[in-house]
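Inspection log for the structure reproduced underneath, given as structure tokens.
When the chains are written out, they are named A, B and C in that same order, and each has its own residue count from 1.
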Amino acid sequence: MKILICLSNVPDTTTKVKFIDGNSSLDKTGIQWIINPWDELALTRALELKENSGASVEKVSVITVGANNADPTIRKALAIGADNAFRVNAEPMDDYFVAAQIAEVVEKENYDIILCGIESSDYNGSAVGGMLSELLGYPSVSAVSQLNIEGGDVLITREIDGGKEVVTVSAPMVAIVQKGIAKEPRIAAMRGIMMAKSKPLTVIEPVQVDAMTEFVNYELPQTKAACKMVDPDNVKELVDLLRNEAKVI
Amino acid sequence: MSVLVYTENWDGKFKKLSFELVSYAGKVAEMLGTKVTALSIGNVSNDELSKLGTYGADKILTVNNEQTAVLDNQVYSSVIAQAVEKEGAKVIIISNNNTGKAVAPRVAVRLKAGLVGGVTKLPSNLDPFTVTKKVFSGKAFANVTIKTDCKMITLAQNSFEVIEKKKEGAVETLNVNIESELLKTNVKNTEKQSGKILLTDAEIVVSGGRGMKSPDNWGPLEELAEVLGAATACSRPVSDEGWRPHSEHTGQTGKIIAPNLYIAVGISGAIQHLAGVSSSKCIVAINNDKDAPIFEATDYGIVGDALKVLPALVNAVKESKSQ
Amino acid sequence: MVKQIIFAITLIITLGVFAYTLTRLISYFKLTKPFPVKNIGKRISVMLSVAIGQTKIFRFPVIGFLHAMVFWGFCVILIGSIEMIIDGLAGTERILKVLGGVYDIIIATGDVFAFIIFISIIVFLIRRMFLNVKRFGGIEMKHKSHKDANFALTLILLLMVTLLGMNTAYVAGNSTLIHGIYPVSSLLSGLLASLSSDTIHLIHEINWWGHILLIFFFANYLPYSKHFHVFMSVPNVFLSRLDPLGKLPNMDSITNEVRAIMNPDMASQETSGESEPIGRFGVLDVEDVTWKNYMDSLACTQCGRCTSVCPANITGKKLSPRKIIMDVRARMKEKGPGLVKNGKDYTDNKSLVKDYISAEELWACTTCNACAQECPININHPTLIVDMRRYLVMEEAAAPGELNSIFSNIENNGAPWQFSPEDRLKWTE
């Protein structure tokens, strides 16, 4: 089985976001780029499956749509343990654009399981996995919290409101994964970092695709009013505030 | 031209979420000068379906086949796409819950419709069609234009209120054509916990962190949740340690919730936790460290020992209820 | 004459067995990694204080004093043993008597020490067998460790008995020409006064042969026992690590690698063409330890002083510094033959780390160095533990989750915590 993980190159969670050009684009100076946390968990799971000989995974690849500022992030994925990587050399315009570019590559390369994180921590889009599966005509399962391989089938636990459901789907398929898919993200060991230098990173030119949406501009939220502190000996005041001022109870 | 809204049901019943969606769709339809069609998939009684009319649905389509008994993303997206085509709908509204996230993208590709996920407000502009969503895990808002003829929106949970607006709400069964090989998801078993208020549905959430010191101290917290009719939640270290179930973990890699009131007890306020709850309407924190970062994100706060404050708060709530 | 021939034969057999043991040990040493030895002058001074002066042994004052007596006694008696070998081969009697007054002093000291050692060993045996001494127990102390200890102590006891027996018979049997002074044995000689001179001579011969044969046996038993420290302790101290405890040396291969990462241009200049593949980082199995680590494991007496002061062990964690060292010795015994026979790539599908020493033990170490400070023969456990951690982290990224989070945070935020680098100076406000 070959597994492909779709990675999103995102700013680190602690980044203080700022916008430039009349608030029409993100100020990228000083940003530390990381692998989208859900994608990192997906990659960890794929590597766990590869190490578990019963699952018969022979190759774990990663793909990103991004400019060359995404290369260090891709090398990190290789250092963590992916076998090879693809980068479609284009800025990720929107979910559809990204999905269409990845679909192009998958059609040539033939993957059995494609993993996508359920959301990216930058633009909080959740559509790439679903769009990709529709473009490829593959079945998809979302909100996946556990994934195992049994023979040619993929055994999945997905979260439903108030519980879980265990389902099987046969490959090729797309799994859109969330928390629980791996306990903690794996990090790169020194050995991995050294080996990553020699693993293949193929840069592919994008195909012509029109994005269907456009991010026009951004706004920062209004600065929150300072927190109203209530004396611990006077909790009644808090109840009053919540009832009469905030009107939430 | 109409607006189509997909209203999910749970065991044949709608939730507040469904009515929020219809209300939203109603307002959008008003803006566009058109009508609202609600789509339901599954076994839902006519009585229940007609409830959607109270919130603004002009027409209610219902689809109930063998193949729709189980959520298969391809089947559901095929059904929704067929409904859209039949109605000639131009704006499609789905919730940004797990089902919406699973299905909406597939529908978007089928219909070549631009999709914006996690929208928080009514469109700010109709031409070009522009909507607003949160980005960078709540640190900013983005205004996004949908360039295609057909437009799709998934609405962020708990971001629009329920508006009653009685409309005709005529229920009609929709016949759809589902290719047999489309159903690929085989369900092995389903596990549902009943009774407790679901975290993602709850309007009030009481949450505990490592500052609670031990799982044995959760009693007062659960009591507070009970008197408030709230769901319980926790931070990541608490679920990692096994003090509380994983389903209660709220945060960037856990559940992202947006209740009306979020009470954080003994939670320091790490960025990933806040990313999961920052969309809450009102946030309260109880922590014995006055410098805890969480107080920068809260509306109200108490600096004190949780184990003393919680029982006092329970009593104060009970008192104010009886008044 | 016959006596000399028989003696020569027993000596040759003894030396032969010893040579065989030594060859095997050397072949294991060859499997290990290098360890630099410099600063001979300082080493001599450390050896004189720690090994000869028994300074660390005295940290446990009462029992330490008794051990010092045994050690110093052995040093003196060693001279007598050498004399016995020369006597045995040459057919002489007490040949070193030519040293005159010096001989008297050596022999008198030895005689007194023999008695002191005798008493001390009795104390040690009683203590081991009847008192519940905490540091003699532990998960790594199997039954055979206790048997080994008691057996060795008993041998030493018998050595002293035969030495005193020999000396007493010598004094009792030679009323006129006695070489050397025998404070203790003279007092004891009264016990034999009533026996015939033939009987006294027989008693002398039995004890003489008994003593030297016990020595021969003891010498060959030691390399297989925890008491190998009798041979190994002084060299172990001489060759021990002189760096301050807690100093952690950089690994050259990593320094170069990090330089290459920080300056990619510089890297591409230096590594034109295929560079040598870098060997394993850290220690996974016995072929990764330095020869000094292996020597430590051979010299270890299993005294348990290290474990008794380990804060992790005291608070109930799985770590026992003694166990780490004993596991190295046991693992080399298990894997060494295979490696010697089949070469470096030999594997028995087990490893020191994971099958003998668990990750839990390794991560429990606080690197406080109490164990290294306490060890009477300067075994350094923490550097070995850190080298094993280096394997886990640098080859497998198998550090505890909290550490991995710290690594990620340092990489992304320049600090161990999840705060924006822009907030670095916030604490000054």
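Simple rule for what comes next: contacts are C-beta pairs under 8 Å (C-beta built on N, C-alpha and C of every residue); 3 or more make two chains touch, one makes a residue touch a chain.
Predicted model only: the values in this text are computed from it and were never measured.
Averaging Cα coordinates per chain and for the whole protein, the chain whose average falls nearest the overall one is A.
Look at the CA centroids: the one farthest from the centroid of chain A belongs to C.
If you average the CA atoms of chain A and of chain B, the two centres end up 20 Å from each other. Centre-to-centre, using mean CA coordinates, chain A is 55 Å away from chain C.
Per-chain CA centroids place chain B at a distance of 67 Å from chain C.
Among all residues of chain A, those that touch two or more other chains are 13-16.
Among the residues of chain B, those touching two or more other chains are numbered 271-272.
Of all residues in chain C, those that touch two or more other chains are 418-419. Only residues 12-16, 30, 32, 34, 80, 183-194 of chain A touch chain C when the two sit together in their complex. Touching chain B in their complex are the following residues of chain A: 11, 13-17, 19, 37-38, 41, 94-96, 99, 118-119, 121-131, 133-135, 139-143, 155, 159-170, 173, 176, 178-180, 210-221, 224-225, 227-233, 235-236, 238-243, 246, 248-249. The touching residues of chain C, counted against chain A in their complex, run 254, 257, 261, 278, 281, 393-397, 401, 404, 407-408, 412-413, 418-422.
Within the complex formed with chain B, the residues of chain C that make contact are 418-419. Residue ranges on chain B touching chain A, taken from their complex, read 10, 71-74, 77, 96-98, 101-106, 108-110, 112-118, 130, 133-148, 154, 184-194, 198, 200-201, 203-204, 228, 246, 249, 252-254, 260-261, 271-272, 275, 281-282, 284-285, 295-305, 308-309, 312-313, 316-317, 319-320.
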